[in-house]
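The structure under discussion is supplied below as structure tokens; questions concerning it will follow.
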Amino acid sequence: MNELALSVKDLTVSFQTFAGKLHALRQVSFDLYQGETLAIVGESGSGKSVTVRSIMGLLSKNTLVEKGEIRFKNQNLLDYTDKQKEKIRGSQIAMIFQDPMTSLNPTLNIGSQIIEVLEKKRAMKRQEAVEEAINLLDLCGIPNPEERITQYPHQFSGGQRQRIVIAIALAGDPEILIADEPTTALDVMIQAQIIELLKKIQEEKQMTIIFITHDLGVVANVADRVAVMYAGKIVEIGSVDDIYYHPQHPYTWGLLTSMPTPDLEGKLYAIPGTPPDLLNPPEGDAFAFRNEYALAIDFVQEPPFFEVRPNHYAATWLLHPKAPSIEVPEKIKERYNHFEEKIKRGDIQ
Amino acid sequence: MSHTEIAKTSYNEQILNQTSQLDDNLFTLDNRMKSAKNEEIIAPTLNFFQDSWRRLKKNKGAMISFFVIILILIISIFAPFFAPHDPNAQNPAWSNLPPKIPGLEHLSWFNGMSVNRGGALIDSYEQASVPEGVYYYLGTDSLGRDLLSRIIYGTRISLIVAFAAALINLVFGITYGIISGWVGGRVDSFMQRVLEILSGIPNLVIVVLMLLVMRPGLVSIIITIALTSWITMSRVVRAQTIRLKQQEYVLAAEVLGQPVYKIMLKHILPNMMGLIIVQVMFALPSAIFFESFLSFIGIGIPAPNASLGTLISDGYKTFRFLPHLMWYPAAVISIIMLSFNLLADGLRDAFDPKMKE
Amino acid sequence: MTQYFRYILRRVLLMAVTLFIIITVTFLLLQFLPGSPFANEELLTETQLALLYENYGLNDPIYIQYFNYIANIFKGNLGVSFQFNNIPVTQIIANRSGPSLQLGVQAMVLGTSVGIVLGIIAAVKQNTWIDTFTSTLAIGGRSVPNFVFAVLLQFVFAVVLEWFPIAFWRDGFLSSVLPTVALAISPMAEAARFIRTEMIEVLNSDYIELAKAKGFSKIYIIGKHALRNAIIPLLTILGPVTASLMTGSLVIENIFSIPGIGEQFTKSILVNDYPTIMGVTIMYSVILVVIILIVDILYGLIDPKMRVVQGGK
């Protein structure tokens, strides 16, 4: 395994709202290895954005980090002062957002939005910065960058704007790139292009990427590992193969089976119910109320992470030896079959 | 197929050890899916006005203003009960008396004393042979009229002008705006062009020209002031009408054959109430200001009626010797306008559901 | 580009129509005004009166008078003052423009700059006591009538502290300080309220979040990214602010006895000097209309960078 790029331990974050305290993240822990792409998947409200915003230090004023650690280069980012966080942002950890139509400042030309990062974060002189900005735009697939560098955001399409946003993120030469639902607002064709771009960049620059999405289909193309989040916790984490073909947590099953795929047979299955109220998180497993495979203990005590295979963990009581045998859904069974085949073929260790 | 056997690793051993005490019974399937608890609504639902009122109550400035305004309204409506003297009764013998309030005479402001020409502090009331027990709380003006009573009646007039002007503004603005917004098309374009032309004319010009032709009087001033602010109201109303016109429940009502005026009354107007109230609240201090401005330069309410503006203007004339004749009405008008402005700001924030809490 | 020109053309046309209507209305009103245009009419004999009427073209049919009126305006002739023994109105206006213009410009600059600063502070420190304090200042500025302010300033700084002259225009720049401040209160309050709202919206936008993610300091982000987005819409209040400066100048010039147009205007109103009143009215209207046109032109220039120009919202 590669070296650790970032490590999150026991991160617990809450918001103060007028209705009370909202427990947004509840003891989230995961590791991020250099050079990999980790996808974080979950519904809205699962805590995906809060997690990465905690890493970036971009939490809003009414947020409280109650406990936890974010270890980056042997330091705990949560202990950093605002100034220190500013220094890291953009230059070592960069972030891109969901809606390219509103991510760029409409009153500044795209060149200056890239150049300011080069000048202020990498101490480049003006001429150097302009050249590098043109290179970045070229790398990101903007045609005629020398001419278009002085143009304004509204003169570009949505897909192009997202490329520009990526170029801006790259300008700081970061080690880690966080992409918060970068393709959600784009149509399918453009989505594929952006994902290709990210993969290309990762290869060239050996960058580590955290890719957030609520769409498992997108993830298959881009991720090495996947973390599934629900109600402020990670419920399952593993390699792409682990999650796609050997999932253990009923929520992951739900996500996979509600994703229409042309090859695997079966009905569309939607997870019934709604996400839980994080103002008063229930005792036990938050997913229990929507879990048709819930055990009595799920309503009483939260499940620990069980190790399924090396580097594949799932937090479900179903993995406990005392748990009864259950009938795994059809579509999941088929995936298990796929998994076995992959092992036999030697694709997976 | 059953679930996967978990790997026999030291990690898992540790977990199993920690959880060894768990009762076997806990590991049975529990079919509590879709429990009622999940569907429970977290906070009680409030309708729009209740919700806004709740938000407004948090704004201390607005709430204080609200009560101040109610107080002022009560005093001016029941002016005859509150005013100690007749505001127009002239008593030349008792002119220019300083303020004197029984019970507060130890304060130099309210002791009825003033400095005479020789520089000595004398009891002006005694000097003017004012009988015992007759007090002028805020003093008298150059014609011997009680300032406090004048202020109370003056407030009444200023408020009447303001509310009347706001009312006309409201009716005219809403009508114009709703028609323009609802009918749309070329009629709307035309009506808006007219508005654009009219808004190129400075308010000052409108007011002065109108008052030149119609001699200054209560009615003419009210109409003039109303003319200066109806345009904003109509624009706001039009924008809302256009927005609401496209809502589904309006389309549904149309399809069901409801006559237009009913749709307006039942669906469109109520949804604009918040906006309209805020606009009116903002129009009031503007009207009060304009009226006092006109009175100050001399083309306001004619004698013998006196508005706050007239009082300030009169007070200004004798400012060097009797500053209190100007300060008190000025203070009153400032408080009134401040209260309306604060309340209007508070209402605007309270009615806007997008405001961050 | 052609779309822009068509837009400007339409605005100019609109403005021309507006001015035309104002001029026509003032002319019509002139006809309805009570009183005779001549002072001491009773002292004149019938023949003299008839001659005068003939001389001034007051016997001609209305449309001819109207035509002459418009022609005169284009020639720059606004008639002569009743009050000042036949001095041309244009001359009166020209003489008195200086102080008013100076006051107006100073007040506009002072008011908007202070207002912008207050608005930014209030927005950045939203919902803290600083926000409440600056917002209260702004509301106070809107609530206390500017003539009350003027008298207050005059009393405190000129009479009591004697830092500035009480009135008149004799002491050069010092004379203009107090009236400028009094006049600036209103634009300041408007600008502060406006900028606060705009700035709050800008600060909550996605591109500001991205700028934060780039790791820049708060001050840099406000200065380079937020400010330009918040200030540009400020242009839209330029028109109303100008109008309020015009109204304000009437009382301020009176209180400080400044020989400006505003002071003249009030005097003319009180003595029914109709030609002067009409002349000043037309002048004020022209100023407002031109400023609105300039705002439209400027906005059209800046606008294509942000929104598609659709000919006035």
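Read from first to last, the chains carry the letters A, B and C; within each, the first residue is number 1.
The definition used in the following text is that a residue touches a chain if its C-beta (ideal position, glycine included) is under 8 Å from a C-beta of that chain, and two chains touch if they have at least 3 such contacts.
The shown structure was predicted, so the numbers you read here are calculated from the model rather than taken from an experiment.
Q: Going only through chains that touch each other, what is the minimum step count from subunit B to subunit C?
A: The least step count works out to 1.
Q: Hey, which chain ends up farthest from subunit C, C-alpha centres compared?
A: Chain centre farthest from subunit C's centre: A.
Q: Comparing the two chain pairs, does A-B have more C-beta contacts than A-C, or is it the other way round?
A: The greater number of contacts lies at A-B.
Q: Report the most central chain, judged by the distance from each chain's C-alpha mean to the global C-alpha mean.
A: Going by the distance between chain centres and the overall C-alpha centre, it is B.
Q: Using mean CA coordinates as chain centres, what's the subunit B-subunit C distance in Å?
A: Taking the average C-alpha coordinate of subunit B and of subunit C, the gap between them is 25 Å.
Q: With centres defined as the mean C-alpha position, give me the subunit A-subunit C separation in Å.
A: Going by mean C-alpha positions, subunit A sits 55 Å from subunit C.
Q: At what distance in angstrom does the C-alpha mean of subunit B lie from that of subunit A?
A: 49
Q: Name the residues of subunit B that each touch 2 or more other chains.
A: In subunit B, no residue touches two or more other chains.
Q: Name the residues of subunit A that each touch 2 or more other chains.
A: Not one residue in subunit A touches at least two other chains.
Q: Can you list every residue of subunit C that touches 2 or more other chains, as numbers and ranges?
A: Not one residue in subunit C touches at least two other chains.
Q: Using the touch definition up top, name the residues of subunit B that touch subunit A in the complex.
A: Subunit B residues touching subunit A: 1-4, 6-7, 9, 11-12, 15-16, 18-19, 22, 24-35, 37-38, 42-43, 357.
Q: Spell out the residues on subunit C that touch subunit A in their complex, using ranges where they run on.
A: The contact residues of subunit C facing subunit A are 205-207, 209-217, 220, 224-225, 228-229, 232, 305-307.
Q: Any idea which subunit C residues touch subunit B in the complex?
A: So the residues of subunit C touching subunit B come out as 14-15, 17-19, 21-22, 25-26, 29, 32-33, 132, 136, 139-140, 142-145, 147-148, 151, 155, 243, 246-247, 250-251, 254-255, 265-266, 269-270, 272, 274, 277, 281, 284-285, 288-289, 292, 312.
Q: Can you name the residues of subunit A that touch subunit B in the complex?
A: Going through subunit A, the ones touching subunit B are 17-19, 246, 248, 272-274, 276-277, 279, 288-301, 304-310, 317-328, 333, 336.
Q: For a test of understanding, state which residues of subunit A touch subunit C in their complex under the given definition.
A: 56, 58, 83, 86-91, 94-97, 99, 102-108, 116-117, 120-121, 152, 154, 165, 168, 172
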